[in-house]
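These are the structures, in structure tokens.
What follows is a pair of complexes built around chain A, which joins chain B in one and chain C in the other.
Moving on to the complex of A and B:
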């Protein structure tokens, strides 16, 4: 059937990225543009008592200063664009100064005097929970989500900060790897009866664990440039998302979304850091309006560390009961998240990962996320799930060992399938074929043979380890809109409001429209990247959802176009629409193919017929963003537009299994990844090359989480040690295997007309889990229970030294 | 603290003759900044962690480039890039510990620009110091790293004195192992210093890592033939295999007499503010077989006198293992 789905193609922006011709936000200039730079906080906590910018404003070339007073108040627990009353981390933006050159703007920063009042600070959540421990905010240390009954029963969702302290007994328990029985939590849920589950277990494992947060360090720092023309704000920004930003970004400038032209053709990385409008985006547009000049706010590498958000770290404890047949009978899980200055953590998602991999009949989760005076936390590729996968994999291996089961078979016995349930809700999934992925992965990796090979191969003081891991993330959404247009030139114009993070899924999803309308790809054009290209309501490009979500929207929009083609043909040529079919860019009679219209002719007729055919009318249920987009192109061709109302239920999961073999040098603590093979359960692979890119890229991320990347904060002064890219240590080309192998189960998801689900995030989780599993295997089952497990930790273990994470005292070093 | 990444205003001099550079260095003294490849320059200046009035760009002085064979070994211009050092046939054939070390510095891109002179002259890699904090080395009266809570995983094991920062160079231990001589010029003439004495620790000079003083320029490095074609060993352990500083490295040269070690020079990096020569190990293995058993018997000598900080205790077994491998490898 398909000519597009499952076949490679070249997304239209690839050439520009390879040649350097494509433009990022920082590449745009405008006559009269001024350069804005940020003054950031030197303190981890305090308030701005006074700002004296008079000396800077007297400098030649300085045109203005922009402070928190120029924006609406953003009291806690909001994450302010510019801090004033609540300075909560080193590097937090305080003010912005603009000048005619960057050099003058930077010099002006040094001529601004800011008087701060200091406050207590804390960089370790456990320290903050300790009796008498310091709080990151004057009001407290924990973010509480609230829900109140509003008028007419409409819930009012809110948030507040509370001060929570644990009894010393709970602190001591956590730090010594025991259940903090009397600790207070803000999230608690359970299903089944864990006591009964543990009672029927033949083995019970208890382990503490620590994972470190770490920054995104997006390669493209989040520069923005804005100017105003004819009452509209033209905003060049760096985001993962396109249409999903419109309303929030317009609110930041207090304008109607229709007066915003958001331009974002290419984005140099985000992966959770740039999903929606982030606070610093409020500056360029508002400052430009204030100065009546175009303003470019360029973000430095160090500032990208500060404001680019980070993965939340966690300190936790898990208890697992295993039955004789290898089934996990019960899980008890505790997670204390480091919420940074924004307070949120990913503990619930971590717990969700446990439910996917173990499908326990009985489980309890208790979690709390604690503010610290460190950088804002947010989503980062598989937030919660991937770091949980990292520490859970060796613990899973230990569980398999106690019931004398092969590690893969143990996972196979427990992992979710299409009838399984997930997370707190114990709700279903659209489909899941992880067992098939494990079976395929075992064959691909030759697991049965390799695990029986000797660990020592005679290569110096080196030992090999083999590991397996599972990555999971929810991978799809529903209810967004699709919009296509057949022009009078007969070409298919696919309007995509999906962002261009760099994953090319915006283009892959457009192939669904071409497939439905059977238009050759070289006769298709994707319109995207700027609001005035008339883009429909689309999801944010986060959560690995794009492939599932927007193959559906493009599918339904194209189907709407097909129906209209047939209706136009029937109106012109007689009969009913059902008498017509499409092929070769024509709509024609099924009984006499000579009777028909070309797409170009049909588009011309659509314009003449007007109404819903040319977009003069549109469905009631499409989003206002899509309504504006249709209004922008109405009367220019045959318009296909529809909301995704495809029936179905359950979460579409993205699942990956990874297998790896490492060789660990017992003298140096370094290991080489000799082989990595992964199999994805993501439904039908739509774009094979891009699928492989995602599998490889995620695997590299896994190497970083396993061994290298982490926040390092000094508890003495709240200073981050690794603000630079080289200090944060993302993996380099010699830290990863020269080649990796990847495959897909390729069983279609029944709730997607193209058969696909997303896969971006779990690619990392599978990789880090497999590496952690292999490291444990190399060391005869030793559990580090950390992510990352750095070289020094391994050396210390081999030398019999204690290492700093053993006490769980800090998750920052 | 402000976050900058644009170069501050300063004067820029670009001499093409070494004499002109020396005159500028003499005139500007500590108001000037010598830059070769710039890999340990622009971070300091862009961050405003250090500030100067003028930059003296040496990169146009051709006489400071190149590798020349001399009657007694080699002379390597200070501006010779690390890539050139790593790829030099004569260094690879006779002094491979240096080519190996140069080939492990940072990344190919940095090695293409970074110079041998810069690599040995680079400042310590204490993150507190490089953030511009007022530590002892920066003229203050604190060490932020040498505290129970200090983040000092990369810091020194040996001979700390108010400052615990480590020398991060990969080529410096190799040059000490080769008993190299550093050639330093000023308007007053030329002086030479043994590589082992070129580097200084905080007990002697807490604000400088080498003996170079304002007005002086490191112009070349002389490698004597004394250790040509010896048995060499270099190994660097870093978190990452590219674009990273050593956690510990080791450079070693062995003169063999049959199966016995006649003489050796074994030097570790990133464990002290200067390359750390393990002379007690050298003495212990003199006359011994170059073997795993010899290595095992002496490896703990390598860390005699080491004092671990809160987070760098792993460097002790790591350093022992690297010295062991150097001897047995």
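Moving on to the complex of A and C:
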């Protein structure tokens, strides 16, 4: 009987959020704390020739300056905390000044003279690939991942920068929507035989596409504060993850992870940009150690734009062959990623999305990721998959049209199911019920009826469009650790190393432990948010993965506790552990329920018995992080601890389908989203109200990608034009539908004991895809092949003007 | 990189004569460059119904004073330039972006921050309770601002239509996109969703 899974509850931090009492990194201060501010680069490319900080250091209240020289070197392709030899984007941090007040630190920045030498720069990847095109780094323009055979056969994974130019013919081909046959790529893979696949197709579609990068703009800028006490570094940071940060952050300060207390009670959004320790985190801890004072490094909104990471853009080309029965026979895909100043792109994941939605038997992917002198790029909500969903949806609609199939039925015929395979590896999934989701969505949205309604409703010069989209992201991993403790007060203490960026999966996953031990939720307490709460080894809180991953870890830790309860009862009351069961916070004899121990009594006995019962001993296979956590609580109760060794294979997918109706004003190019309905295939829904918020939040992100958000750089000077929230335009209340519907297939995943998989990322992909599909529908199948498709693009199309798709530019227009 | 620039030259002593910092008591003393006398800088604010004497620089924003001098960190700074609403507080009951208000200009106004909306016995305000019921906050960074805009709305319009609520809340950005849940929270707090 489930008492916790699928029922609403209030995560313990919600009250602190509505009352303002919960603390984010910037809310902490410390006696003697000094304030640090960053000097950033005004240039898109160059090097620092000289720094003269003498005037600043003479100012009353200035306590120190911290530069790249104070950190280990980080040559390209590393993303340095502070730049020196390689300045590669406007806004890149150069140095940090600390003073006793923030005002003095700000003034001190103005008194520092930095001499730069300029270098060439480039803000568009295709420009950089063009013969004679500029490179973002002196060494070249392309990030290459390398893999060499190391000692004992262990591969050494590395990366280097190379200079790659395409022949003009390849550039021209891409810009004109044709295969860039003679372009050079750094990633290539294929399965099946695409020529044979295209040969058996009744229709072949070829389209170019472009998607823009855009900043994460987490509402909490990534301020940090650090101080040292008794040889330990106490670090208040803004991170998506908790335990997954420990080792990397400790490395940044060159200390043992056991000497780091990472404190992160709440995080004001991450969206992929704060999964692990990010470069600027190296400043507060090291500077604090140097100054022997607490240091707060405050990041401004503008700086958050610069260093807060952004989605990679892509310029691409796709060719799709469709058989008479509507099955996609072959796909040929090319992606040129805009890797910004860090060079990496998500093309492989974009290709993965294509394999999920089409399940082609024959496919080729060619990709290359090009540096530009724009902000660093990193994972952003469904990186690769979601922007691919955006441009693929209208192209999919076109494919359906050529074989005269309904758009939903076409998707249904092609999409992955539980026996399907994904990505380059063509490996399996734990389960997939996207068809069921499409069926449910059609009913929820009333698809069959609505697509037959007239597009013109007599509301001025307005026209309606209806669309459907699919979002997908891998949603879980395996092999992490769980840790629970039953205290002598009989309460269940669930130690969670999962971060808290607002998804509440740290709490949802803990419900699994309460379920296994059948402890009422008000008798459970979650320990989290700071390392010295003794937190187990956990996955990074990203990639939609924690629900699958950490329901499993909490499940196995709780099962370990159940086994120990039974063993203790058998030791005290006779018989074998199998003679006992649990209920009502007691362990008791199956044949005589009066013979038993309360959890509180059993916890006391665990302490007396010691050994593995009280955590004095623990399994060999748990991570050192978990070992330290167990050592911190050993002898204080009955300890349940285990690595997730649950057997199984395949990737747990997160799938969402979205349906929408829009009304487009043909005079202004603006559209309103009249209705949005989405259905998730995420296994068992653990926390229904939070599931709804997750679905809706992702849908809002889809609106941003569909219509509003993009980088804009000035190609003459390499300056970003929209660093603020207002200009980079995350959706507001007025941009989004606010009465939407969401549902779930709710078929349990067989490889998760709680039945669940994650859902954070594909919520956006489904939404952006459905909107793009609806926009195309409103315009009788017109393909913009862009994300976002902004109002000016729509207006230009309506006016019969060309728009920017053809030139395939990212960052500029 | 810069041979003349040694570590020794970049770190100064940690004891200062002119500009001591007393973070323990929650305010910073003497930025000697402002040219304003200490008497002019010392103001008494009415915050959450209490008189709060505080040393305020002429260029200081209310968000800064609340957060860094009065320890009222529930008010958040998302942009510091009037673009997000995370810093929303009430001035005489009217929502304002506290990052864009100079503290020296609100000496005669009643300032209400998120810390001031609970009832005297500590019960959460109806808006806060409704936001809990709707599980409205995601990351929570915009939440204080959303609470304040909703409280102001319901004070002036206890039973708004959904569209009136939407308009009233529209100055509060939520990067997590939890709009619908906040809006449902407003309607719930107004008794229109039960």
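Rule of thumb we're sticking to: the second predicted complex is superposed on the first by the 809 of 813 C-alpha atoms of A that agree within 3 Å, B and C clash if a C-alpha of one lies under 4 Å from a C-alpha of the other, contacts with A are read in each partner's own complex, and residues count from 1 in each chain.
Rule of thumb we're sticking to: a residue touches a chain if its C-beta (ideal position, glycine included) is under 8 Å from a C-beta of that chain, and two chains touch if they have at least 3 such contacts.
Everything numeric here is computed off the predicted structure, so don't read it as measured data.
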So, on chain A, is it clash or fit between chain B and chain C?
fit
Which partner does A:669 contact after superposing on A: first (chain B), second (chain C), both, neither?
first
Looking at A:291, would you say it contacts chain B, chain C, both, or neither? Reply first, second, both or neither.
second
Touched partner set for A:379, first chain B, second chain C, both or neither:
neither
Go through the superposed model and pick first if A:328 touches only chain B, second if only chain C, both, or neither.
neither
Under the stated touch criterion, which partner chain does A:32 make contact with: chain B (first), chain C (second), both, or neither?
second
Give one of first, second, both or neither to describe whether A:107 is in contact with chain B, with chain C, with both, or with none.
both
Which partner, once the models are overlaid, touches more of chain A's residues, chain C or chain B?
C
Determine, under the contact definition given at the top, whether A:143 touches first (chain B), second (chain C), both, or neither.
neither
Is A:726 in contact with chain B, with chain C, with both, or with neither (first, second, both, neither)?
both
Partner chain(s) touched by A:84 [first = chain B, second = chain C, both, neither]
second
Min C-alpha distance chain B to chain C after superposition on A, in Å, is 5
Considering only the contact definition stated at the top, list the common interface residues of chain A for chain B and chain C.
102-103, 107, 300-301, 726, 731-734
In the complex, chain B touches chain A at residues 1-9, 48, 107, 127-128, 131, 144, 147, 149-151, 153, 237, 239-244, 247, 310-314, 316-318, 321-322, 324-325
For the complex, give me every residue of chain A touching chain C.
8, 10-11, 13-24, 26-27, 29-34, 48, 50-51, 53-54, 57, 60-70, 84-85, 100-104, 107, 217-221, 266-271, 290-293, 300-301, 501-504, 689-690, 692-694, 696-701, 724-726, 730-734, 736, 738-740
Applying the document's contact rule, which stretches of chain A touch chain B when the two form their complex?
38-40, 42, 90-91, 102-103, 106-107, 109-110, 300-303, 306, 667-670, 707-708, 712-717, 719, 721-722, 726-727, 729, 731-735, 790-793, 795-796, 798-799, 801, 803-804, 813
Okay, in this complex, where on chain C does chain A touch?
1-2, 5, 7, 9-12, 14, 16, 18-21, 23-24, 28, 31-33, 57, 67-68, 72-81, 83-84, 86, 113-115, 118, 124, 127-128, 131-132, 134-144, 147, 162, 166, 169-170, 172-181, 183
